[in-house]
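What follows is a single structure, written as structure tokens, with notes after it.
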Amino acid sequence: MSELTLAKANAIIEAAFAKGSEVKMKPLTVAVLDAGGHLKAFQKQDGASMLRYEIASGKAYGALAVGMGSRWLDQTAKERPHFMEGLNAVSGGKIVPVPGGVLIRDASGKLLGAVGITGDTSDNDELAAISGIEAAGLKHQAA
Amino acid sequence: MSELTLAKANAIIEAAFAKGSEVKMKPLTVAVLDAGGHLKAFQKQDGASMLRYEIASGKAYGALAVGMGSRWLDQTAKERPHFMEGLNAVSGGKIVPVPGGVLIRDASGKLLGAVGITGDTSDNDELAAISGIEAAGLKHQAA
Amino acid sequence: MSELTLAKANAIIEAAFAKGSEVKMKPLTVAVLDAGGHLKAFQKQDGASMLRYEIASGKAYGALAVGMGSRWLDQTAKERPHFMEGLNAVSGGKIVPVPGGVLIRDASGKLLGAVGITGDTSDNDELAAISGIEAAGLKHQAA
Amino acid sequence: MSELTLAKANAIIEAAFAKGSEVKMKPLTVAVLDAGGHLKAFQKQDGASMLRYEIASGKAYGALAVGMGSRWLDQTAKERPHFMEGLNAVSGGKIVPVPGGVLIRDASGKLLGAVGITGDTSDNDELAAISGIEAAGLKHQAA
């Protein structure tokens, strides 16, 4: 498998929602981006607030930007805020540096894209992302 | 029915893809926006090119901008290009004024959102959008 | 070969410059983008004017946006200027719709990226791009 | 020597990669800008993540902005974050204020441009930049 198919992207979203439902998370929004940072699939559960597309894709885009899960961005933003601000500036303001943006890799480790989730706590958002990726038979990188 | 549920948005996408498949359209990309112009659901078929999210949502956003289907924008762009340019400017550059952006209304005529489709000819994109909206039991406005 | 290596990108640039030299083109600027629209390699010959990076990458980015060589964009801009303006708007102003942006594919037809060239006539820019891609053992799509 | 030739810019990149290889750095991305802040040459090694062009050029652009290496920006961002934020704002969001952006001068001290490198630690990025500039027979200013 060398790229992210729509079937796989939809499977990730379905499984992420199942995890959210199982542990009673708030309404989730899930964005799946390909390795070039372009949107492949997206769903926003009823009751989610207005800017959830921007937040979800901002986590995934940030992860792809540096090749690390967005938990790494969260830590970096605390340690070197000026780097994070500069990164966001040169991205055109596309990055939300908190947990919940998780890289998607195939079995060989090749980067296929990233999933970004928002709606509950950042830790739970990340948990749902990891569950979704695993359920689709792919590998995840959260930090 | 007073708002666009995720179930309805997904049903629109599924039926639009079915229409595309039935008449052998090229790979389609479908964006469903709520009445506030915010993304509700999105899917991009395998083989679609890079900027299809921006084009699909640009048709739907333009339709919502003026409360007309994007076929009206296409006609207006030909008759009064300076109006279309001004509209695009004040939108922050979010509009693609060609057919394929169709308003979604409930049985009473209330606006629920818009669907934007790209990938085949503009006429076929619009046909898929109308098919999707009808299959979901909703009303469409293409111009 | 499933992605665009730096070695291949550099080979494209070298061969494009060789073609430019052979037919006595003006100083050329060559941008090679990966399939996600991100810069992989770039060189600007001495004497080229100030904004040549933006023009070269704008041709390549436009080609990737729609999955056609930028000669197709050039024709479309003449036939449907409002579509081209809308596409440029939703791209964030990243597209230069004239010939010289050519898609790069592998032997199986898989999209690897795009090369954009500027400096001489648009026809010559495109000729240099095609020469570069062929010399690297890859397939081109100019329209 | 009064300006940055393409031959010199390419030599800087080649020598920076050689240093990265010698001390086993991660995949590097190198942007060389002329004194006007415009891209002259660029290469991104295989395996580097998505937004590395923006980061590399953001370091070099920031160095040119104030006539100091980007290590000075890093220090300034810690001491006077509001100045760095304002500088980034008026630049149009083009600056990444961390080490790895190094000014290029000729023997007489005349400014020729800047090189920006990203991929490893900021200190190593800067080391590779300095090595590249020295190997090309030019002078560097890192802070």
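Chains here go by letter, A, B, C and D, matching the order in which they are written, and residues are numbered from 1 within each.
In this section, a contact is a pair of C-beta atoms (placed from the backbone, for glycine too) under 8 Å apart; a residue touches a chain by one contact, two chains touch by 3 or more.
Composition by chain, UniProt nomenclature: A, B, C, D = Heme-binding protein.
None of the values given here were measured: they were computed from a predicted structure.
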## Note on the structure
By C-beta contact count, A-D versus A-B, the higher one is A-D
### Message
By residue number, over half of the contact pairs should agree; on that basis which option among A-C, C-D or A-D is the same interface as B-C?
### Response
A-D
### Summary
Chain-centre distance (mean CA atoms) for chain A and chain B, in whole Å, is 25
### Summary
Here the gap between chain A and chain D, centre to centre from mean Cα coordinates and rounded to Å, is 30
### Summary
Going by residue number, chain C touches two or more other chains at 35-38, 92
### Query
Should the pattern of chain-chain touching be classed as line, ring, star, complete or other?
other
### Query
Can you name every pair of chains that touch?
A-B, A-C, A-D, B-C, C-D
### Query
Which bits of chain D are touching chain C when the two form their complex?
5-6, 9-10, 36, 38-46, 50-53
#### Entry: Touching residues on chain C, where the partner in the complex is chain B
35-37, 64-68, 80-83, 85-87, 89-93
### Query
So in the complex, which bits of chain D are touching chain A?
48-51, 54-55, 57-58, 62, 74, 77-78, 81, 84-85, 88, 93-98
### Message
For the complex, give me every residue of chain A touching chain C.
### Response
2, 34-38, 92
